[in-house]
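What follows is chain A paired twice: with chain B in the first complex and chain C in the second.
Up next is the complex of A and B:
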C-alpha cells in the first residue's frame, strides 16, 4: 500500500501541491487534471525525483526516501517526455535500462522479448529508434517502465502520441497489469482512464479535489447535465460543456442546477464531470442566449 | 558500482564515434607537428661531442692525460657536455642530460596536456550531456541505480581519459622515435676510456637508458594524474550546471581564469614560478623534474604538487556528487 500523508510541495514561494492525502492499493488510479495542476509534481515525488517540502510518502508503512534502492527496485516509471538514445535500437535501449534496474542479463533478454511482443514492437526490435514515430517510441517507453516487473507503475501522460488503436491496446495492457500492482496513470484525456481506472484522483488549485470511483464522480453531476437546442436561453448558473450535431440539429450540452427551457436531461459522462469540476469562474459578461 | 554499467558508458562514448575521430585528429596534428618541427639542437651538440670523445684522436688524448681527466676536458670542446657541479637533484643527471630531457619530452608533453584537457572536457560533456539533452536523466534517476548512475560515468570517463592520453603519448613518442631515433649516445657502450672513467665516478654526462625511461614514465604518470584531476574538476562543474552549454562555459572560464592568474604570477614573479594550480603546472611543464628553473623547494616537488591538486579535485568532486545525489530532478 502506498500512502501519501499531508504532502506539500513548494518551489521558492510557489506551492505546487498542498496537503495531499491519498492512499493507493492494487489497481489503476487515474490522475485526471488539466495541464499545470500538479500531476507531474505528485508523480515525481512518488518516484523520489522530487522531495516533499512537508509530509511523507510511505510504502507499506515505510518512508520511501529512507527505503532507497529497496523502493526504487519496485517502481517502474514512464516520464511525460520519454528520452532515448537516437542511435540505439529498442533491444539495446531496454538492455541498458535493464542494467540500470539491476536485472540479470539473461532474465533481461527473456523479459525484453516478452515486453516487445506485448507492445507490438518485436518486428522493430533491432531498428534504430531515430527512425521511429512518436507512438512507436512511446511503446518502447512503456516496455521500459515494465522491465523490472514493478509493484508500482507510474505513467505520466503515457498515451501522448499514440493513435486510437494504440491507445486501446495500451489500455488493455494496463488493465491486465493492474491485477497485482498499483498503476498510477496521469492524463488530461478522459477516455484514457474512464474504462480502466478503479479510482480517479482530481487535483484543483493545488489541492486534491477528489479520489473517487468513476461512478461516484458521475453521481456528483446526476440530474445536472442537459442538452438544449442551439439558440435556446441559458442562465448564468449553467455551464456549456460541449456542442454536438444530432438528427434534430445542433444541440448544446450544459451542466447546472435547474432545468433550462427546452432542455432534455442526459446521463453525465466523465468528460462532463472533468469540464464541470475544472470550470473557470462564471463569466459575468456572458450573453443570455446560446449560439455557436 | 556495477562493472556492466561502466562498460555501457564506455560503449556510449565510442558510438557515435565522435571521440575516436577527435583522437585521430589530435594524433594527426601531433605527428605533423613532430615531423615538421625543428631539429633538437641539444641532440646534435651531444652527438657531435660524443663523436669527438670516441674518435681515435679523443682516445689518444685521453690515454695521454689519463691521470688528469680535467686536463683532457680542457683539450676537447666539452664545456657544454658536462659540469660536475651542476647536477639535477631529481635524477642526478648531468647538465646535458637534463637539458636534453626537457627539450625532448617537452615536444611531447605540451600538446599532450592541451589535448588531454580538451578530451577531458569533451568526455565529460558526452557522458553527462547525453542524458541531460535527451531528457533521460529523470528516468534513469528513478531506476534502481538512482542518482548514483553518475558513478559509472565517472569511472568510464577516467578510463577514457587515461586510455586516450596513453594512446596519444605512445603514438607521438613512436612518431618522434621514427623521425629522429634515439640519439647516438643513448645506449652508451663502455668502449671509450673517458666515459668509462666518468661512469666509475658515478657521473653521468649523457642520456642513460635508465634515466630516459624513468624520466619519460614519471612524466607520463604525472600528466595522467594531472589530467585525472582536471577531468574530475570538469565533471564536478558540468554535473552542477543545468545544461551543457553552461557546463562547457563554466569549465572553459575556470581554465582561462587559472591560466591568466598563473601566467600573471609567472610574469610578475619570474624567480618564483607558480605551480599551485592546474594552469600553473601546465605553464611550468618544461621545468618538471629538472632544476632548470631553479624552483625546486623539495625533491620531486612537482609530483607532490600534483598529488595535492588531485586531492583537491577529489574533494571538489565528492562535494559535487554529494550535492547531485540530494538534488531534485
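Up next is the complex of A and C:
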C-alpha cells in the first residue's frame, strides 16, 4: 500500500501541489487532470525523483526516500518523455535498463522477448531506434517500465502518440497487470482511463479534487447534463460541453442544475465530468462565494 | 537441556553479521561494488563507444603534439602530470552530455542501482582503463622523444602520470560529493591547474632535482586511495533531488 500524506510540493516560490492525501492499493489509478495541474510533479515524487517539500510518502508504512534501492527495485517508471540512445536497438536498450534494475541477464532476455511481443514490437527488436516513429518509441518505453515486474508501475502519459489499435492493446496489458500491483497513470484523455481505472484522481487548483470510481464521479453529474436543440435559450448557470449533429439537427450538450427549455436529460459521460469539474469559474463568482 | 542457552553456530553467525551490519551498513561495504560489477559487467560503457574513441583521440593527439613541439624530457615529464587525466575527464564529460541529451537520466535514477551506482562503476572502470592507457602511452611515446629515456625515467614518467590522473579524479569527485550545484564542477579545472603547479613544483622542481620516484609513487597511491574512498561514498550516498528548469 502506497500512501501520500499531507504532501506539498513547492518549486522555489510556486506551490505546484498542496496538502495531497491519497492512498493507493492494488489496481489501476488514473490521474486525470489538465495540462499544468501537477500530474508529473506527483508522479515524480512517487518515483523519488522529486522530494516533497512537506509531508511524506509511505510504502507499507515505510518512508520511500529512506528505503532507497529497496524501493526503486520495485518501481517501474515511464517518464512523460521517454529517453533513449538513438543508436540502440530496443533489445539493447532494454538489456541495459534491465541490468540497472538488477534483473538477472537470462531472466531479462526472456522478459524482453515477452514484453516486446506484448507491445507488438518483436519485429523491430533489432532495429535502431532512431528509425522509429514516436508511437513505436513510446511502446518500447512501456516495455521498459515493466522490465522488473514492478509492484508499483508509474506511467506518465503512456498513451501519448499511440494509435487507437495500440491504445486498446495497451489497456489490455494494463488490465492484466493490475491484479497484483499498483498502477498509476496520468493522462488528459478521458477514454484512456474510463474503462480500466478503478479510481480516478483529479487535481484542481493544486489540490486533489477527488479520488473516486468512474461511477462515483458520474454520480456527481447525475441529472445535470442536458441536450438542447441549437438556438434554445440557455441560462448563465449552464455550461456548454459540446455540440453534436443529430438527425433532428444540431444539438448542444450542456451541464448545470435546473432543466433548460426544450431540454432532454441525458446520462453524463466522464468526458462531461472532466469538462464540468475543470470548468473555469468566473472570478466574481468566486469572490462572492457563489458556487454552481 | 542444559545447553539450551548456548547459541548454535548459525545463530552466532547471524548475530555477528548483525553487529557487522550496524557498524558497517551493507550499503557502505564494497560488496555493493562487486555486486554491481557482476550485474552490470561492461554495461556502464554501453552507448559510449564514440565518447571512448574521442577520449583516445584527444589523449593521443595532445600527447603527440606536445611531444613533437618540445622533445626534451624535462619538459615532457613536467607536462605529464597535467596531461594524464585528459582521457578520463573527456570520456566522463562526454558521457554525461550524451546521457543528458538522450534524456535517460530520470529513468536511470529510478532503477535499483541508480545514477550513483552507474556513475561510480563507470568511474572505476574508466580510471582503471586510464592507468593501463597511461602505461601503454609512456611505452609507445618513449622512442619518439628526442632525448633518450632510460628505464628508471620511464617508470618515473608512469608514476607522474598516474599521480596526475588520481589527483584530478579525486579532486573532481570531491567537488561532486561536496558541492550543492553541478555548476561547481567548473572550478575543478582551475583548482587542478593551481594545485597541480604546487605539487608539480615538488615533483620536478629544480630545488633538489625533484622528488624521488618512490615518493611520487607513494603520492600517487595516496591520491588513488582517496579517490577509491570517495567512490565508495558516492556509490552509497543518499540521493539528492535535482529540479530541472523544465521537463
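Just so we're on the same page, the second predicted complex is superposed on the first by the 281 of 292 C-alpha atoms of A that agree within 3 Å, B and C clash if a C-alpha of one lies under 4 Å from a C-alpha of the other, contacts with A are read in each partner's own complex, and residues count from 1 in each chain.
In the analysis below, a residue touches a chain if its C-beta (ideal position, glycine included) is under 8 Å from a C-beta of that chain, and two chains touch if they have at least 3 such contacts.
As the structure is a prediction and not an experimental result, all values here were calculated from the model.
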Room on chain A for both chain B and chain C (clash or fit): clash
Which of chain B and chain C A:40 touches, first, second, both or neither: second
Which of chain B and chain C A:68 touches, first, second, both or neither: both
Which of chain B and chain C A:77 touches, first, second, both or neither: both
Against chain C, colliding segment of chain B, chosen among 91-99, 163-171 or 181-189: 163-171
Intersection of the chain A residues that touch chain B with those that touch chain C: 44, 47-51, 68-69, 72-73, 75, 77, 79, 81-87, 96-97, 99-102, 144, 148
Residues of chain A that touch chain C when the two form their complex: 11, 40, 44, 47-51, 65, 68-69, 72-73, 75, 77, 79-88, 92, 95-97, 99-102, 144, 148
Partner chain A, residues of chain B touching it in the complex: 2, 4-5, 8, 12, 15-16, 130-131, 134-146, 149, 328-329
Partner chain B, residues of chain A touching it in the complex: 44, 47-51, 68-69, 72-73, 75, 77-79, 81-87, 96-97, 99-102, 105, 144, 148
Interface residues, chain C side, partner chain A - complex: 27, 39-41, 43, 46-47, 98, 102-114, 117-118, 238-239, 241-243, 247
